[in-house]
Each structure stands twice: as C-alpha cells, then as structure tokens.
Amino acid sequence: MGYFKTGLSMLIDPLSLFFLFVIAIVSLPSAIYSIGYLKGEYSRAKTALAWVLLVGFVASMVLVVTVSNAFVFLIVWELMSLVSYFLVTFDNKHEKSVMAGTIYMIMTHIGTAFITAAFLIMFKYSNSFDFTAFKLGCQAMPGHVKDIVFLFLLIGFGTKAGIVPLHIWLPYAHPQAPSHISSIMSGVMIKTAIYGLLRFVIFILGINAIWWGNIILILASISCLVGVIYALMEHDLKRLLAYHSVENIGIILLGVGASMVFLKMNMPVLAVFALCAGLYHLVNHAIFKGLLFLCAGSVYKMSQTRNIEKLGGLIKLMPQTALAFLIGSMAISAIIPLNGFISEWLTLQALFLGSINSIGGYKIFMGICAAVLALTGGLAAACFVKAFGITFLGLPRSKKAESSREAPLTMRLGMFFLALLTVVFGLAASIVIKFLVIVSGCATGIGVEKINFTLNNFVLAPQGSTVYLSSPLVALVLVTIIGFIAAGVYFGLGRNKVAVNKTWDCGYYNLDSRTEYTATAFSKPFRVAFSFFLLPYRKTKKIRESSYHIKSFRYEVFTTSVFKSYIYEPVIKLIYITAKNLRRFQPGSIHLYLAYIFVTILLLLIFVNRF
Amino acid sequence: MKILFLFIQILLLIAIAPFLSGLIKKIKNTLRMRKGASVFQPYYNLQKLFGKEEVISENTSWIFRITPFIVMGCVVLTIPLLPLFGLAVSLNYMGDFLLIIFILALGRFFLALAGLDAASAFGGMGSSREMFISALVEPVALLAVFAVSLNAGSTSLQAISNFHVMKLSSFIAVISLFIVTIVETSRLPIDNQETHLELTMIHEAMVLEYSGRSLALLEWASYIKQVIFFTILSIITMPFGSANIFIYFIKIAAMCLIIAVIEILTAKMRLFRVVDFLSFSLFLSVTALIISSIGL
Amino acid sequence: MQIDIFLFGILAATFSMVASKRLNTLISGFAAQSLFLALITFLLAVKNNNLELYIVAGLLFLIKVILIPYFLRRVASRINVSQDLGLFVNSTLSVFIAGILTYLAYLFTKNIISMSLGGASSVFVVSLSIVLIGLFMMIFRLKALTQIIGLIVMENGLFLTAASISGGMPFFVEIAIFFDVFLCVAILGIFVYKINRLFTHIDIDKLTELKG
Amino acid sequence: MQIFFILAIPLLLSIVAMLSKDTKRLSFLNSLGHAIVLAFSACLVLDTVNFSEPKAFFNFFYIDSLSVFFIFTISVINLASSLYSIGYTAMDLKEGVISERKAVKYYVLFNLFSFSMFFVTVVNNLGMLWVAVEMTTLVSAFLVGFYNNKKSIEAAWKYIIICSVGISLALLGTILFYFTASQHGNINSLNWTDIVSVAKKLDPRVVKAAFLFILVGYGTKAGLAPMHTWLPDAHSQALSPTSALLSGVLLKTAIYAVLRFAIITNKCIGIGYVSNLFILFGLLSLCVSAGFILVQKDIKRMFAYSSVEHIGIITLGFGFGGPIGLYGALLHIFNHAVTKSLMFFGAGSIVKKYHTNNMNVIKGVIAVLPFTGIILIFGVFALIGMPPFSIFISEIIILIGGFKAGFYFPSALFLFFAAIVFGGMLFRFGKILFGKKPQDMAAGGERLSGKLAFVFLFSFIIVLGFTIPGFLNKILLLAVEIISGA
C-alpha cells in the first residue's frame, strides 16, 4: 500500500505562492476585524471556538494550495469544507444556518465526488498521487479520457467556485457564516477552486481540445450575468454580495477560459496575458469582496438587520464604514482608478486581442464575451448604487437602523486595510502584473522571460498591441482636474452660499423614510427587463375591515429562482419520490420478505451463466 | 508643447460645449418655424446658476456635495484622450477607447448616488432608470467599439482615427454608437432634456435636488459629455482634418443638425420600450462585429 | 429401489402438506415426511453398514417424527390456535406451484448435478424440491406455526440432500445441525407463545408494525 | 493459545452472570472481562503479524490472519459495547423498564452472543461454521426481542425466520460444496483447509451454483439487499449496545463466512464470477439503502440502513478485488464497525433522553447532551465519508481499487449513491443535532462509562483517519493475501 505513505509533501511554486498571498491579505484583516466583531455576540466558549475554527479554516486553505499530493489534496480539500461547514452553522440556533450548511455541504460533496473520480482516473495512468507523477501520467492519457477528466474537474471545482448552475449553495452559505468568515469564504475559499482548475487542468492535465476553453468561457459568461441579475433582485445585503461572488468568479473564469483557448491556438503571449487578467481579477475580487463583507458585517452587527429595505442613512451614523463600503462598491463596479477597473480592462483587452488575432467565429465569440462582461459591469454598478444608496444614503427606514453607531476600532482597521489595498492594487497595476506574469508562466508552463506587459512601472502595455493604460496617470489627471475646477469655482465665484432646507416634496407631503425610493422599486426596471428569466410574481393581500372598506393592503413581489425551481427541485423531488416508492417495497410483511429471497435465488440460478 | 496643445484642447471643448447645446435648440426651433432663444442661451443659464444661492436638502451627505465636481472632473478627464487638434495629440499613454467608457461610469455612479442621497422618490427613480439604461447601453457601446477597433487593430483612439478604419462594418458600428450617444446625452426618444414631468424624466430627475453652482456644474458637464460623444463619432466617421479646428467645428455642427432633426421627428419612448430600442442597436453592433470579422 | 419408493413417499407427504388446509393435517404430513426420511437414512445405514448413520436415523425418528410434531401440537393446543391455516394461495394452485417447483429442481439437477454425478440423482431432485416447497410454504402461509413447519421442511430437504451425497456429512456436523435445528424450533416456539400473548393471535401477516 | 482464552472468557462471564445477582458489579466485571479479551486478541494480532503462520488446533480450529482480523474487530466492539452497557442497563433499571433479573439475563445473552461470534471466526469446518452462524442468530434473537413489547417481538420473529431461511440456503450451498469436494476432490472432509487444497479439482458448475446459495444465504445474514429486510427491524428494536454489536460485527461475521467460500470459488473458477456477484449485490444494497435513508424518520432505522449501505460498500470492495480493493474492504469492515457502534451508542443515548425515535421530534441534541452531540456530529461526518475520519480512507481505497480494476461504472454509481446518503444523513442530523433544545428538558445526564465508550471508539476513528498503524496494516496485508489466494 505504498500509495498512501504520503506524508505532507509540499509544492511551493509561484502559483501556490500567489494563492498564499491572496489568502494572507484577506485572512489577516478579517482576523483583526473579528476581534471587534465577536465581542458581545457570542459566549466566551463560542468566541474561542470561532477563533479555533478561523485558524483551522485558514490553515486548511493554506494546505490546499501547497500540498503536492492529490490524495492529501483531497483530504485537506474536504477538511476545508468541513471546517467551513461548522462556520456556516456557527449560529446554529437558527434553522436557516443549519439548512444553509446542509445545502453547502451536499453541493460541495457532489463536487468532491467528481474531483475524486477525476483524480482516480488520473491515478490509473500515473500509479501515484504525486503531482509530478500525475503530470507524467497525463501525457500518456488518451484524448477522450482527458476530456472526461476535464469535465469532472470542471464540475467538481465549479461547484466550489459557484459557477452557474452549480452556484445554488453560495447565496445560502456565505451570508449565514459570521461576517469575517463570509469575507474569507467569498474572498478566498471559492478561489481555491480556481487554484484547483489551474493546477489540475492547465498545469497537470494540459489542454487537449479548444472546446475546453470555449465551455469555460460560455459558463463564465452565464455566471457573470446570472450572478449579477440575481444580486440586483436581492435585498439581503450579504446575499447580494454572495451573488456578486458568482458574478466575479465568472469574470475570473473569462480570463482563465480565454487563456485556455489561446494556449490551444498556440498564442503563448496572449495566453499568459489572459491568465494574468483572470488572476488579477482574482486577487482584486478577494480584496474588495472581503472588504464589502466586512462592511456588511459591521452594518449587521450595529443594526441587527441585513435587509437593506430596513436600513438607510447610515452614512451619517457610521461614516467610516460607509466610506469603506463606498470604496468597495466602486472597486467592484470597476470604477476608475480602483483595482476592479484594472482587471476588467485587462480582461476586455485580452478578449479583444484574442478577437483580433483569431479567425472566423472566434472573433465574434470573444466579442460577445466582452459584451457580456460590459453588460455585467453595468449591472454591477447599478446593483451597487442600489446597495450603497439604499443602505447608507437617505433616511433610516427602521428603528434599528436609526440606533446604529460606528463600528469598533478593530473592525474599522480590518476594513480600511482592505480599502487601502483596493487603491494600491488599482494604482500599482504595472508592478503587480510583473508578478502575475511569473505566476501565469508557472501555471501554463510557458517561458515568460521575454514576456512583458508594462512599459515602465506606471504604464500597462499589452505586448503585441499599441494600447496603453496608466492608472496612476488617470488618477493624477483626475485629481488635478477636480482640483482645478474646485479652485476655479471657489476663486472665481467666491464662497458658496448654501441654505439647508427640506427635500422638495412637491409642496404636499411631509417626506419621511416611508416615501423614500426602495430597493424593490430601484430594481423594478431590471425585474421587468429580465422578467423572462426572473419570472417575477406578486402576492397581494387585502386586510378588510368590512366588505366595503380595506384597512390595509399588502403587496409583495417575488422572483422565481429558475435554477432552484427548474433544475434542483425537480431532481430532488424525483429522487425523493423514487425513494418514497422504494419504501413501498418494504411494507412489513415477512411473507413478502421471504419471497424476495426466493425470487433472488431463482433469478440468480436462472442467470447463473451471465456472471 | 504637447501638454500645451492638450490644455488648449481641454479649454476649448469646455468652452464650446454650451454653445453646441444652444445650437441644437436653435436648429430645432428653426425647423419648427419658431424663433427660439439665442444660441448663447446656455451660457446665460450657466451664468445665472453660478451666481445663485444653493439650497441643499437636510437629508444629504457629503456624497451629494462632491458629486458635481466628480462628474465634471470625469467628463473633462476624457477630453485629453481624444486625438484632436495639434497634430492629433492625445494622452495616449493614459488609456484607450475603453477607458472613456470606464471614466464616464465613475461620473454616472456618483450622480446616481446623489440622486438617492436626498431621500426623495424622484431622485431614486432617476437613479434607477439611469443605471438601468446605462447598463443596457454598455454592451452596445462596447461591441461597437470592438468592431471599430477590430478594423483598426487596436483599441487605441489614435489608431481608430485613421482612414483604413473606414469600412462597412465601421459605419454600422457608428449607427450603433450614434444611438449610444442619444442615450448618453439624454436626447429623445430616450430621455427629454426639456421636460420636468416626473414620470418621464431620467437625467433631470437625478439632478432635481441640485441648485446654484452645483447645478451649473452638472449642466455644464452634460454639455461637455455631448461634445465628447460628437467628437468620437466624428473621429470614426470622418477621420480627416482632425488637426484643423474649423473642419472639426463643421463636423460637430453636422452632428448637431442630425441630432436636432431626429429630436423633432421622434416622440419619447416608454421606459420599457427602450429595451427594444437598445436590443435593436445591440443587434446592429453584433452585425458590425460579424461583418468586421469577415473583413469588410 | 426401496429408496425410490421412500423418495416417492416423501414427495407425496410434502405435496399433501402443500394441499392441506388444517394445522393438524400439516403436522401429520410433516411427521410422515420425517418418517420417510428416517427410513431412507436407515436404508443408507444398512447399505453402507455405517454406525453413524444408524444413530442419525434414530435421532431423526426421535426428534422429527415424535418430538417436534408433539411439541407443535402442544403449542397449537396450548395457545388455542384455530385449525385454519390461512392460505394466500388456495390449495389447488399451491399444489400446481409445488409441481412447478419440483420441475425446477429437476432442471437444476439435470443441468448442474447430473453432469458431474453421472445419473442417479433422483434423491437430489426430491430433496431440492422439498427445500423449495418448504420455502414456498413459508411465503404463502399466514400463521406463525406454518412458518416453523415450513422451516423444518426445508431442513428436512437439506438433510436429504446431505444424505444423498456420499453417505451424509461428517458425523459431528450432522449432530450439531440436528441440535441447532431443534434449538431453533424450540426458540421459535417460545416466540410463538410471546406473539400469542402480546397480539392474541399468531397471524404473522398482521405483524406489519415495522415497515419502510 | 490466546484463542482459548478469547473463547473461554465470554463463556465464563455468561456462567458468572447466570449465578450473579448484583447487576452493577456484574456490569463492571463484564467490561473488565472484555478488556482482557481485547488484550488477548491484540496479542494474537501481534503474534500473527510476527509469525504469520496459520494455526490449527484439533483439526477443528483454524486461525489465520483473516480470522485474527475479525477477532480483533469483534473484541474491540465487544469492549465498547460492554462499557456502554454499564450506563445503559443502569438507566433501564432506574427507569424500571427492566427488572434486575432481566438485566442479569442481558449479560448472559451478551456473552453468549460474543462467544458465538468469536466461534464463527475460528472454526475450520464449514458445517460448524454454519452452526455457529445459526447460533449467533438464535442468541441475538433474544436480545432483539429483549423488551418483550409488540414491536420488539415482531422484529425478533422476522429476524429469526428470515435469517434461518437464508441460512438454510447457505447450508444447501455448503452441502453442494461438500458434494463436489467428495465427488471430484476425493476428500471426505468439510474442513476449509482441505477443500481449499483441492479447489482446482472441483466441478465449476456445481461450485457456481453452490456459491449462489452461499451468497444469498449468508448474504441474508450480512444484510445485503434485497435480503436485508430483517435488518432495520432488528437493529431498531434491539437494545442500543446490542444494535452496535449486530451492526458492527454480526453482519461482518456473515461476510466472513461468505469470504471463506469466495476463496474456494475463486480458486476453482477464477475471480470474475464472484467479483461480478459481489458488485451486483453491493450496488443493489447501496441503491436500496440510499433510498431508504432519504425518507427515514426513525433514527435507529436510519443507522440500520446505513449499515446496509456500508455492507454494500464492503461487498463492492471485495468485488473490485485486487490487493487494493480487498485491503480497502477489510479496512472498511473495521472502520464501519467502530463508527457504526459509536453512532448506535449515540442514538441510544438520544432515544433514552428524548423517549422517541422520531427524528422530526428530536431537536437540539448538542444543547441537551453536549458530549454525545459533539461526538455524534463528528461521527455523522465520519460515517458519511468525510476526512479526516477513517471511513473516508477506506472508501477511497476501495474506489482506487475499483478504478484500478477498470470498474468505472460501478465506481461511479458508488459515488452517486454515497452522495445521496451523504445528503440524506446530513440533512437529518443537521436538524436534530443543532437547534434549540426542548424547553422542558434538562441538559446533561451523560454517564462516564458511556463517555469512555465514545472516546474509545472515537480515538480509532481519528487515528485511522490519519494513519494505519503498522500492526493493523500488516494483518490486513496478510488477510488480503489469504483472500486473493496468494
């Protein structure tokens, strides 16, 4: 049984280091944040448990990205799921948490089953679980087996990453965990799936056919759109963010998928470039999603609600959290000059360059992917206008929101650390990409000594193209211009005369928080435009005083979760009904049971020669 | 030297922007057989607004206050990217065509937030619609840019302002970009700059709470935005004589004429009809892309 | 030759059990079957002049012909069970099915055993068919007691099979099996009492509390 | 020589129990006795590992590494169960569910039961093997019907009838083996060692048919679908310590019996035949149990079906064959025994506390029984095959065996059904373990002896999740050699 004498052999190459870095930059602020977050929420023992789980969670993720043996990988991979299950069910007094944990765990397990199958097929060809042996073994693997392995790995890691339609667990699980954990789960844990894809599909398996890249691009595009559309409909702040994780995984995979296509098209420079774009977005998403979850957590801790329809006006009550959330929102909406913008620009450029350099259908295909990305960006911006605007601006919509105060210092520290990083990764793009090139080279196995995507430390310049982008310059010019304008206005016109008054109310009403625009109303145009997909429906309820007089009228609008109600629920129902029918075969009659034995032996005797 | 030219370019565009708006109004009025206000009316408006006291809602936060500056800053920021006068210089190292889309997104983002800041239902409605339409416009714009850039071989604006870009696909893309321009400049049939009827307005609803110099800045910014879009269209469709300031003005005036004609010929659409309209333009963009991929 | 006659006797007894509708007939049928079995064993013992087989024949007679039927009758009378057996399948059909089962046993023997034995396998046919019929009785008869009888009919069949093969199994194994069967019947008897006490009937078909 | 102590101590204990009156002292003595048995079996394991020669006594006992492995498994579970019994019987006595005399009777039966199970694994004669298996049924039937209520008597009746019928078929199979051995092998012996030595000469047709009877017969006892029907009834009605024994080791002794015949069959006609049958029944068991687990509301029945599932996995492992598959299957036997016993103990404690088996009613176990609850949540994860627990390791080894041998489709089905079971179990147990505790229920009330049993078993689960100790590895490898006939 030499296969299992594994020990803990490590593989630390640029790819692993990159992921270690991502883990570190999100886990650290989250840990600091949790000091303040956990205080007063849980009992002493539970707080200690939270710390233990946090450490275990981070440790398992570190192991996932560093081990060099597939068998050990599988173990630490499941370990990571197990620890995160306990974190999701941490508030286990709520049935919701337990349910979320269960859904999460089941989906993850299905994914792991596929990964296991893929590993075992690879093992059959390599006779060892070691990565290097895997790599050697995969060279001898026939093409169609490679295809199957790829599909298994895609489903397996896709489940963890939350690719549509395997994303179903994500909006349940992420919001239920304590917020600092949500931030790590969304920021880092789902990225380990990307690591898995890079490590096992690109690094070890090697790309066999161009349709691998295509399928990833298609799934990525779908994930982008579906994620952001659902996010727009969502009024639970943390769930909203969770859906955005689906979207952003889609964007990351656009880069990865494009890279795979280019690899197969034998365009190494572009492949590296596209992968850089994907990886850049990966680290960016880790940063700003971590940040947003931390902010959402402090909103939740301070106001005790995550429903944005109950929030509002928090910018005055918790200004620093608001600022951090605003920065996060801008980053995720790809607003200049923050980091989300850089990676989205890079991805668009990668798709564009791919489009130029390829022929025929791929020109259009890449273009459509880029268009999807653009649409996603627009919708994401809309969503975060909603999220920030409804939560932080205007008037508080409930007593709970009115009574919130600024979060404790440790929490703010965690948030501002990440907020700072969004700026740094926005401005230092040219430096970051130099490292990413090395990482991509490691993943794809392409020599990257001659590949350079920067002009100097300030200007991004994709090789083989004449476009440039300099985010520091953009920021500089923008600040200068605004400064000039402000100065011009101030010195040209003098001090502004400002009168503070009530909001214009058409002269009729006293406006209060009940007349504010709501999140539901905000998302209405989107609901109507995407009604073919969202299938919205209404529930109205009249409460009558008498048959002539309606005392109050309740109106709620819902959307149908297409994947849940048309894929998962029917499948589960089918399995469940089959199981129920199966139950009828055991009605308690011993005569029947004896008959089973009788029939079994008869059938076996009849078909004895078939075995 | 280059910096100086850029500086002039920026100031010039800022300066003429209100005039173009006045020009369009004048053309419209003339076509309608009306006398109408002077072409310099926008300048008078701005002057008046700059001089007025500002009234701010008590519900607002700092977002509301900084937004005019950011919006203005954004539109101005796009100007140095355009390869115009002075041997078609531009701040090419700063970014490319795509950057313009991203820059405008920043302004829009803050404007929409400002709409929500005053806790007024009008503002919220405006923000919602603005974000809705702009989200739908984004893929249309991008695909059109994509098609044009494919012809140019680069998304760099300098590369685009070249004769060899002029292909069939570019023209189809330009039609699409023209629709984008109509949307982005709040023109009929998407939006109506002249109405304050609450159920129809989009851009005006967002800035409803603004007054005084803030409003002046926002108005001015929208004039500039209009110029920028006209410029982009002219660069692609008529890639000649960009260095010559008079030719440039003639091209821009032609754009104004077209816009004015379209405005008097159409009525405003229902909000959800816009989706169909934009799908049509998306279809155009895709067609452009397909034709371009064939090489035409 | 005598063996064949006795074999026929066993088969006849078995069929009569299948056809019977009353408990007492059933028990008598079982006694008859066991008697024929004992006789066959005895014959084999004479033939091989094997002391062990004599003992086995004696034990058979003692336990299966006398003791177990007595015990079953006693249980039946003690718990005052009705004589009606409760049939899922009426007796005509049952006999017909039993016939089919015998044919199946014949087929099985022909295809599997005879080939390696080279003829002379009628003992095997009969014994296998008894096993199958015993199982059939357990499946299609409702009462607890019939199930016990079905079980020991199967056991008889097995015994016959063993005996038909080169003079039976090793002696101490036979004895152990004997002992085991007897114990089994006794324990089942105890449970019949318990069932009767708790449920006031021994209608096994109605014991369906545990399901699914 | 240890084997005689291993056999004698349970017998002795049952005699002591018959004479004893003081339950409390008896229960401690019982645990002590089984601890000694475990020590002896550990010695036996080490002995076998070091000298690896099979031992035979009186032409009756035969002990090779396969038997030793089973003996070790049985003695581990016996000790755990006897530890748990201390608290369990005390509780029963306190609540007045059973009388003092009945408690004494329990210990008599307990020890007879363990004796019969040990006996199964050491006899050489296949006829005696049959007798021993039948003995385990007869003794444990009383343990199943221990409470003498309607349900338990019904369960016991079904148990004894179905298993007896099954076992009769196994006897037929044994006779057929004997037939061909004497006809073609020219030996007049039912000793396994003798038949194995002439295995090549046996008539393949007869062996094929005989093995079918063996598989269905002992398979009934092992709980292979569709002959598993007695199993949930018996397991759910037996006392919890007994359920653990039934599920943990009794089923495995039947597997042991099948294995002994499988070795002969493999030698005679090659491995394909047995392998296919094993895979068929393994998958069938997995399928059936997965369905039943999904809709099960009774906590103990749920575990019973889970046993069917794991027996299916074990059978599948043996079906996949090859050194890896066999190794995994054997390891799984041990892992499942340990884990399932733990779960039955946990279920026993829960049922004792909540007085219901219905999982829709049970809520907030962690709040009510903190120790049990926490051990149980890990136990559930262990049972459904999560690392770092032991069952994951053995399942993955079985899967490796399957892929290695090219059984892709069965392996895929295995993964599929395992996923269903995973979902079903997790769904149920998430609900009962977490949540608010019922208001009128006092927390606590866990006994030290019970905790000791939990810790004892749980340490195996954890340790085997990380490493397979050298002696166990060695004994498993030796047993694999025996099964594969090398």
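A few remarks follow.
Going by the order they are written in, the chains are A, B, C and D; count residues from 1 in each one.
Criterion: a residue touches a chain if its C-beta (ideal position, glycine included) is under 8 Å from a C-beta of that chain, and two chains touch if they have at least 3 such contacts.
For clarity, every value in this text was computed on a predicted model and none was experimentally measured.
Touching chain A and chain D together: C. Relative to chain A, the most remote chain by averaged C-alpha coordinates is C.
When every pair of chains is scored by its C-beta contact pairs, the maximum goes to A-B.
Chain A and chain B have Cα centroids separated by 33 Å. Centre-to-centre spacing of chain A and chain C amounts to 69 Å, using the average Cα coordinate of each chain.
Once the centre of each chain is set as its mean CA position, chain B and chain D turn out to be 77 Å apart.
Chain A has residues 583, 586, 590, 594, 597, 605 in contact with two or more other chains. Residue positions of chain D touching 2 or more other chains: 157-158, 161, 165, 208-209, 232, 292, 295.
In chain C, the positions touching at least two other chains are 108, 135, 138, 147, 204, 207, 209-210, 212.
Chains touching one another, given as pairs, are A-B, A-C, A-D, C-D. Residues 125, 127-128, 130-131, 134-135, 138, 141-142, 145, 148-151, 153-158, 160-161, 164-165, 168, 171-172, 175, 178-180, 182-184, 188-190, 203, 205-206, 208-209, 232-233, 236-237, 292, 295-296, 301 of chain D are the ones touching chain C in the complex. By the touch criterion given at the top, residues 583, 586-591, 594-595, 597-598, 602, 605 of chain A touch chain C in their complex.
Residues 88, 104, 108, 135-136, 138-140, 142, 147, 204-205, 207-212 of chain C are the ones that touch chain A when the two sit in their complex. Residues of chain A that touch chain B in their complex: 312-313, 315-316, 326, 330, 333-336, 341, 344-345, 348-349, 352, 355-356, 360-361, 363-364, 367-368, 370-375, 377-379, 381-382, 384-386, 388-390, 392-395, 455, 459, 465-470, 473-474, 477-478, 481-482, 485-486, 489, 493, 496-505, 511, 513, 515-518, 521-526, 528-529.
Against chain D, in their complex, chain C makes its touches with residues 108, 111-113, 115-117, 128, 131, 135, 138, 144, 147, 151, 154-155, 158, 161-162, 165-166, 169-170, 172-173, 176-177, 179-180, 183-184, 187-188, 191, 194-195, 198-199, 204, 207, 209-210, 212.
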